[in-house]
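Take a look at the structure below.
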């Protein structure tokens, strides 16, 4: 049967836990959960009781996939779709996250932190094409590509993780172009934005988003918890990527899985 | 490699799309999404622009997994955990949905609608142990079990789907007990509550929740879109179940996948 | 002192209570409140404890004031302001509810239900200029005008109150024009929309909103609890109207007060 | 008529404007508003269009009134009400903000900043009974009392306003006791908490809340914009205090008004 080959495989959880106060971009609604009904509030006639919650969040909060609707350039989304014509009160009528669907396939893993012999790259470090070429990993057309900066190991340092002052490591346009040339279909990383964020500059411009989302139609996965995958030293894995099908959203939370032999 | 056996497999998306007005229980916060920033609101110096959203939802909205913290009996959660001692302003400190983790494994598929030769079972129909025994499916210890009522085919009829007046089909305690005896570890269905809801009675008592969640520690998956899986006639599949890791929540949205040969 | 003349006056609360499930327009986000932190969740070292809540709502939920930014006609807001040029991710940069400020002044009270000898006007009833002329009330330039339909007496019948099927009573364009001619500066009523809503038609068009908000710059107050004021038989009062100063919003909740001798 | 004496009076708005990023306590849900429907999204057949918003907030966000349900001591609310017995999924069944109702009456104004010849008191400054006695203001039984620290003049400095590091000025227990002895019924101030918050200590204990809310049943108004009132030099005014009637909430936003001769 289909699952027999999975016997003995390892399944790694690549999502960061979601809770109030977790690192996230100030551009997006802060995650908040309140337990609305608690046990004991309403007792059913048979002594049973149910609890539930009220959740406020954004589509780019926690580990998430960016939809192609997320970024435009000069007024246009990927494929020349005019942004103003597809955005409305129910979300986007084109290129929303539900159009991504689901990815179950190969991922190439480039651990640039390991390449440099550090647990995490320094803030503001720009990953280059040479870095990627020096990693022992191979992109095949249609692949997802996961770039290890080791940044997910700093999840418990919210201020450093967000990197407003010191910046965050990430691929520059050159490195992103290197991935594009090799046929990458999805690009994922550990930081809030899949970009090199220089110290003090903030998210003033997002050139890698432009290249991937707008020009090439390549989806981006952000705030991934790649640490357990990087720890294995694997250079490839099976990736399961199934973001919540929120119709018309510019992004959605996801709990990605890596399957390893 | 690990994904080679997946070549030629089919991956089915078992989640209902999430949008305003979709069928959901009135006990839970209504799903609402607003596009907060639209393209054109803020132009970056290079002509780029990003859009995002504000989302309000509940942990039991859309396709979701019930955590063991969801239901208590006489004040106790599964395993004798006192409900009052583990619920608080940050959620549950025990048995929250993050303790479910991830399931990647076999699912047995019982299509009771097909057994009865109907696209969907009538409202209020109680699935019996005899129904399950008559299906051409087998539960192995540790399996997930998916029960087809065909109800996901009625997603576009919100009033009927919720079933306040006419009720919903689902397993009775006897059928649930039959699953328990065979070692089911997870139980999933298409309706809002994995229960038989008689006409006019509403969710006054939830005996199957009590048996599964409280007494046996078996997680429940609700509002699944099983239709595409039932359409194949498959009696087993590989199920991927990775609910959002919302720490301390009593349930969380999920986009389950079925993998078929 | 300034409050001496108020000795012996009556202050009437003209707001409907806000709670989950209260009647509101389905066009607006449903009101929801969860107690986030409860007493006992976090005890301070001295035995103190504080509780708080998480609130989700809309600007047109419960008793509220419509900002001029709320309605446009052919793309323009009041005064020829182009709607597209003033709406953005932080709300409206012109004609938001904060520009209303505060009103403390005379209100003329037209009790049309009393005129017809009924506790509340029938659903779909159109209030005419003749109705207003027949009331024993007088509009002075700059006044607020409150129109009694008696509908606030039906607050506890949510389905009827909303009036999706049967409609709601309210002023027609002719009656609204009569108020405009007399110099009304603010217009308030008890229904969700200050309009005559015919049976079965819903809010397809809102001609009174167009006349008042767009053409005349007259603010509208909706879902007022006028019953206690109508019960007095008063034809004028001092009205205090201080909506929450939510910058850039198209409307905001308010707790209006009537002061009577 | 009742409003005649108001001719020539001044009405001052004592609320801070509500917008994303405004200073607020991190204990409470951050204020967030998104315009949900914009003009142009849905055009009515006659060329009309309406915009609305989705609002997320807390009961203690912006200018607000604390309900007696807000604080407990050793498990009890004011009047010996057991906190656990009155809190639930719909809020508090006793001492919620709706039980405050509305206050229209005299307020005594103590401008302690003016007393010390400064625009705002230093962070962490404890207002003493001697300070209050030295002000040219008089408390009469049943009065509201407004204490000027000048802190509302620092609204545009969010970090300083919140005072996590440097603290905030406010009354100590001694000063609060002085107000209690004179029969104050409501106490209002400009800071987030009506307390003296020493540098570095945060809101570890809230002794003035305990004295006023729990022991004496005196409501507290926080984050008031007293600056325009203090600027007048007035030592008394008419205060209108009408918090949103959110049933069962521990606090609610309000737009207080001061009326001066």
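Letters A, B, C and D name the chains as they come in the text, with residue numbers starting at 1 for each one.
What we mean here is this: a residue touches a chain if its C-beta (ideal position, glycine included) is under 8 Å from a C-beta of that chain, and two chains touch if they have at least 3 such contacts.
Quantities reported herein were computed from a predicted structural model and do not represent experimental measurements.
Engineer: By how many degrees does chain A turn when fitted onto chain D using C-alpha atoms, rounded in steps of 5?
Structural biologist: Rotation angle, to the nearest 5: 180 degrees.
Engineer: When I count C-beta pairs in contact, which pair ends up with more: C-D or B-C?
Structural biologist: Spelling it out, more C-beta pairs touch across C-D than across the other pair.
Engineer: So the centre of each chain is just the mean of its C-alpha atoms; given that, what is the distance between chain B and chain C in Å?
Structural biologist: Their C-alpha centroids are separated by 41 Å.
Engineer: Distance-wise, how many Å sit between the C-alpha centres of chain A and chain C, to the nearest whole number?
Structural biologist: Chain A and chain C have C-alpha centres separated by 44 Å.
Engineer: Would you mind pulling out the distance in Å between where the CA atoms of chain C average out and where those of chain D do?
Structural biologist: Computed from C-alpha means, the inter-chain centre distance equals 25 Å.
Engineer: Specify, in ascending order, the residues of chain D that touch 2 or more different other chains.
Structural biologist: Where chain D meets two or more other chains at a single residue, that happens at 29, 32, 34-38, 53-54, 56, 88-89.
Engineer: For a test of understanding, state which residues of chain D touch chain A in their complex under the given definition.
Structural biologist: 29-30, 32, 34, 36-38, 41-42, 56, 88-89
Engineer: Mind pulling up the chain C residues that touch chain D in the complex?
Structural biologist: That would be residues 1-6, 9, 11, 13, 15-20, 27-29, 33-40, 44-60, 62, 69-75, 77, 83-84, 87-92, 98, 101-102, 104-106, 204-207, 209-210, 214, 236-238, 240, 242-251, 253, 255, 257, 259-261 of chain C.
Engineer: Over in the complex, which chain C residues touch chain A? Could you list them?
Structural biologist: Those in contact with chain A are residues 32, 34-36, 38, 53-54, 56.
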